[in-house]
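Each of the two complexes below includes chain A, the first together with chain B, the second together with chain C.
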Partner chain A sequence: MATTAAPSSRGESPRGRSSRGRSPQPDDLSVTRSRAARRRPDGVSYLFLLPAIVLFTVFITLPALAGAFISLTDYVGFGEWRFLGLANYAVLFTDPNVLQSYGFTIGFSVVTVVLVNVVALVLALGLNARIKLKTALRGAFFLPMVVSGIVIAFVFNYLFSTSLPALAATLGLTGLEQSLLANPDLAWIAVVLVTAWQAVPSALIIYLAGLLAVPEDVYEAAALDGATAWRQFWGITLPLVSGYVVINTVLGFKNFLNAYDIIVGLTDGGPGTATRSVAMTIFTGFTSGDYAYQMANAVIFFVLTVVISVLQLQIIRRRGVSL
Partner chain B sequence: MVTVDPARVASRGVRPQRPLQVVGRRRRGRGWGLTALLLLAALTVLVPLYFAVVMAFKTPEQAVAGTGFALPSPLNWGSFADAWTLTGFARAFLVSVAVSAVSVAGVLLLASCASYAIVRNWEHRLFRWSYVYLLAAMFIPFPVVALPQVKLTAVLGLANPGGVALLHIMFQLSFSVLLYSAFLRSIPAELEEAARMDGASTWQVFWRLIFPLLAPMNATVGIFAFLASWNDYMMPSLITADQTLQTIPVVQKIFQLAFSTDYNVAFASYLMAMAPTIVVYVFAQRWVLSGVTRGAIK
Partner chain C sequence: MPTAPAPLSRRALLRATGAGLATAALAGCGDPTSAAGRSSVRFFQNKPEVIEYFAALVAEFDAAQDRVQAVHDSSQTPLVPQFVRNAPPDLAAWNYNLEVGGYVSTGVLTDLSDLPEAQRVDPKYQSLVDQFARNGGETNVLPYSVTSAGVIYNARLFEQNGVAVPQTWSELVAACQTFRAAGVTPLYLTAQEVWTLQQGLFDYCTGSAVDVAGFFADLRAQGTDAGPDADVSFSKVFAEAAEKMVELASYANPDSASRAYADGNLAFGRGEAAMYLQGPWALGEVSKVDPALPLGTFPLPMTEEPGQAAARVNLDLALWIPTASQEQGAARTFLQWLMGPKVIARYNDDNLATSPLRDAAPLQDPRLVGLQPALDAGRIYQGASTYVPQSIPVGNYLQDAVRTGDGGQLLRRIDEDWARLAARSAA
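Presenting the complex of A and B:
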């Protein structure tokens, strides 16, 4: 959700200017530098940093390294193990279950990212326009953000499996009387809809913040030149918020790749394994005796996450947008 | 001693009070048409919640009749009592409160201290690298390290809500450090220098001067940490071994497996699970929204 500029250049002055101030004035910088040179970090600074670094190393870094090592063995979660090298990885790339979960997860993420961005942008434009009941409407659209994913998925589960088919039957809509969740080819649509339902608010926040930055007089000038609302959207609004589109795509994609809670509540990976996400597949390593094998899967998943994020960040950098 | 108006200093780094309030473009009609469209769109949010409410108040016979959208008559309050005892709601609620409280407090403390140390010692390599190190975790989602982490927490005797809270803190750290660091950079160094002239130590400067100035960002970081912890299903379901010490979302799943055919009771239980955050949100809406917006624009 953050759209912050990470301090990228090594010598950038840390204080006295906002993250937007990319080119600090030279004399200010030298003042900061000389002051810093005078002052070594004191004990309290180390004391402040230490707990975060230590806990982080013990609970994230070490498990990650241990996991990467385990992926090279035949460990089943307990007892003895042998070193296997890359054998787990070799099997992984031909395992239909694994490939299917990647196919589903990536496909689902792409569709959800597109849907969330379109809906959020349209809502942001609407909420930003001159409307009545603005506070109430905004309150309603942000509500899904505070609701637990798995619990609302249970509610939607009943809606999709019982209420909508019953409604379709009453209205005489044949073809819709079947539960969406029972159809292996269509169940993913339900997962997309519920995930989008919950993810729209975070994207909406960013778009609303982005629209604030679009100056009013640009529109007035365009209107004077006779540009229609439609032309104004494509010619002014969209180019100006395109950076926020990229940000929402990066953040959304990262979340959707890890989809778990909503799927558990909605389809539990079914019917069959049609909507089983990568996270769900990895977690089967707890029970199936595939501990080391699923750890290899986790490593691949990590590489995929990093590659996708770096690619998207590259695009951002080329467009000169700060994240 | 230095006298600072925290509000004034704080407002340098953040947007004004009501960031989402945008002055509409005053050249279209009166806006009722668009309002109607948006109200229609808002139904997609409200209908599932309406559904949960009406189902929870139905009798068992009513619950299975028709599409479920009909209003309950007569009102049946009994489902809530059933759901309360069947899910052990009181205990799950207390566990959830404890986990979220520890998680929020831990994130606020660890992230603000670490960010402060990093930002004010940015010239020193160790602190710069620490920043990159902490932020790199954004690329490590829970599923990637879940298998070893479950082992680790079990070995350390943390296969319980305590371990869940600890992991919630860890996974919230990157994002929070990012927010705090950006905010801290906007606090002018002169303030701190003045306090130092008066002989304040780093410890005093942080707790007396900087931490109070961080208040708006504390709210933002705290809201995100709370929502992530309170609503999480994935971590507690995998980490906590004792099922009687589970948080509310996990209890819903256990309950759903066992009693899924009593729909009125199930929905009463879902409603009770969702109610705390919704109620808080409805009453503190402006505060919550300005908090999360700060996270978006920082």
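Presenting the complex of A and C:
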């Protein structure tokens, strides 16, 4: 079948032009067929999807379904087990440790998302301006992203436990002589700071890309109208990068809800249970023989994450941006 | 240009490919093959400090006979997945804890009671196995190495301040006050790492005050009626011990909340504190800092009657053979060789531990001999925290208790968690 025939008059029409590049130009007889072909993609594209579908199904979907079933039992992974129905779920909602971990994780995520976005946007504005050493500074700010979370956590653990109190003692700053990490009311601040320190670079990259997309001429027009830098930021920059704010919020929130490695290295959930995240609580199920119960916790967490994601996707659609 | 295949056949292709991939993925697990007519035994032992020791031991065994070939598996692979895949090791030398107790009670380990070696184990050590779990009248686990722990003390600071090893609770408190008055930190705690609080402060204080094994047997028998107000509860039985525990913790270094295990070893090795609540594993680390530092160990006294303090013991290594092993006979042969009096004595002498066999030699190391009287008298206990499933974060609660000085709240939280766990397990 020849599809390289010269474009027909229909092919020149605006409609035909708009579809160019998406599919081969239809020859004169195939209007209906080409529509059908557009609706039902080529069989080859399924073949390309196949490895991903198979891997995703075998390693994500099936284990997740198995986990959801196990959450209805008292199975520990081996040996005999009984079907419990929703008993695990019933206990879950009365377990203060589980409830506290949800409270901490959600609060921590909200605060961290706000902090990361504010800091990243400010840094992006700075790094986007005409300054010296721009490339070197960008490199320096991206550095935390390539260091593993657990390494960062251990380094900051030492700084918070040893260096900072020693410094405070030398400077006579009472109140900072005790480690932040040892104070159950303040330890979350340390967790937020360290998580933000690592998370800012990836948000920064997205904001830098966003700022590059803002055309220069709108600023020139604003300057001619006598707008101050502050007014330009609120009136031009922020509205034009708002799509990127949404993206950073969605991606960041998803990551922070799953917080694990930095907290383990920093506080290990302490002092007491003050900074135990949901992911850490779920993970205890693997070591404590509490597998089925924490699977129930994982299912609840999954539902919660889905609800939050759907809400965020709604916002994204309304904003007209795509991930 | 390819013609699109019919939808049906495409789906069939997808299905066939999926099935093929799944089969290929599952075919990875093979059977261990025995080499040259010798039965091969996968021997699972991964305690990092003694991997080399056991590697040499396995080589010695393999050279000594030609029927069984032991293969040393020192990987850190968790055990649960091995049981899940129904491919556990043929023989394991592993720490005996609640997890292994779970294997005992679910019946996935073989009965070893007919072996002559099982009869040679001292009943007071064999009973430690039963305290975590039982499977009828079977003997599924044989103790191999018993480590004992107490309060490590700086003998030089004790001498300089005229303090004798305390025999009673009052003497212990008086010793703390003497040290404090002399400007010496009485006790070094490393509260940032919760396990150190659990095995030291909590286990020592409860172990010398309460019949730990009896308490947990009663607690389990009580079933779902658990809770702070139940007949058998932490809040009732451990109340006095918890009060004394937070009192003892008040004599600790002021920065204990931000100190970790490694900080503790360093500080204690530098002579910055008189007492340290750690096990024998810390002795080597402390001595690395100052090899000349004279150290000793005594069981923590909790009553007013001298000679009542007990030592915390732990079956650091115990041997067991899973029922799923295809090489039962060969595994037993190697187990019997490992349990030989000379082999087992050599290991324990080398590792600051006690052999669990009857009439075993006493502890030799001067840093540990202070615990021998308690061992001889059978005043031993497995730490209370080791009976509590890990789903109850005792260590984190302890951290709070040390900070706030509220021992009662600690016990209430454990009771409430225990009640929830019991309700869930029985549902």
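Note that in this section the second predicted complex is superposed on the first by the 273 of 323 C-alpha atoms of A that agree within 3 Å, B and C clash if a C-alpha of one lies under 4 Å from a C-alpha of the other, contacts with A are read in each partner's own complex, and residues count from 1 in each chain.
Keep this in mind: a contact is a pair of C-beta atoms (placed from the backbone, for glycine too) under 8 Å apart; a residue touches a chain by one contact, two chains touch by 3 or more.
Computed from a prediction, not measured in an experiment: that's the story for all the values here.
Contacts of A:Gly269 after superposition on the shared chain: chain C is touched, whereas chain B is not. Of the two partner chains placed by the overlay, neither chain B nor chain C lies in contact with A:Leu176.
Once the two complexes are overlaid on the shared chain, A:Phe141 sits against chain B while remaining clear of chain C.
When the two complexes are overlaid on their common chain A, residue A:Val110 makes contact with neither chain B nor chain C.
Using the contact criterion defined above for the overlaid structures, shared-chain residue A:Leu123 touches chain B, although it does not reach chain C. Contact with both chain B and chain C is seen for A:Val44 once the two complexes are overlaid on the shared chain.
When the two structures are aligned on the shared chain, A:Val151 is found in touch with chain B, with no touch to chain C.
By the touch criterion stated above, A:Gly285 is placed in contact with chain B and with chain C alike.
Legend: residue contacts after superposition of the two complexes on their common chain; A:Ile189 is shown touching neither chain B nor chain C. When the two complexes are overlaid, the chain among chain B and chain C that reaches more residues of chain A is B.
Chain A residues 1, 3, 42, 44, 46, 77, 162, 285-286, 294 lie at the interface with chain B in one structure and with chain C in the other. Residues 12-13, 15, 19-20, 22-28, 30-32, 34-35, 37-39, 41-42, 44-46, 48-49, 51-52, 55, 66-69, 110-111, 113-114, 116-124, 126-128, 130-131, 133-135, 137-152, 166-167, 169-171, 173, 175, 177-179, 181-182, 184-190, 201-203, 206, 224, 227, 230-234, 238, 248-249, 252-253, 256, 263, 266-267, 270, 273-274, 277-278, 280-282, 285-286, 288-289, 292-293, 295-298 of chain B are the ones touching chain A in the complex.
Of all residues in chain A, only 1, 3, 42-44, 46, 50, 54, 57-58, 74, 76-80, 84, 87-88, 91, 94-97, 160-162, 165, 178-179, 181-182, 184, 268-273, 276, 284-290, 293-294 touch chain C in the complex they form. Those residues of chain C lying in contact with chain A across their complex are 1-2, 4-5, 10, 14, 17-18, 21-22, 25, 80-81, 83-84, 98-99, 102, 106-108, 191-194, 255, 257-260, 389-391, 393, 396-397, 399-400, 403, 416-417, 420, 423-425, 427.
Interface residues of chain A, counted against chain B in their complex, comprise 1-7, 10-19, 32-33, 35-37, 41-42, 44-46, 48-49, 51-53, 55-56, 59-60, 62-64, 66-67, 70, 77, 123, 126-133, 135, 137-152, 154-156, 158-159, 162-164, 166-167, 170, 197, 202, 205-206, 208-209, 211-212, 216, 219-220, 223, 254, 257-258, 260-261, 264-265, 278-279, 282-283, 285-286, 291, 294-295, 298-299, 301-302, 305-306, 309.
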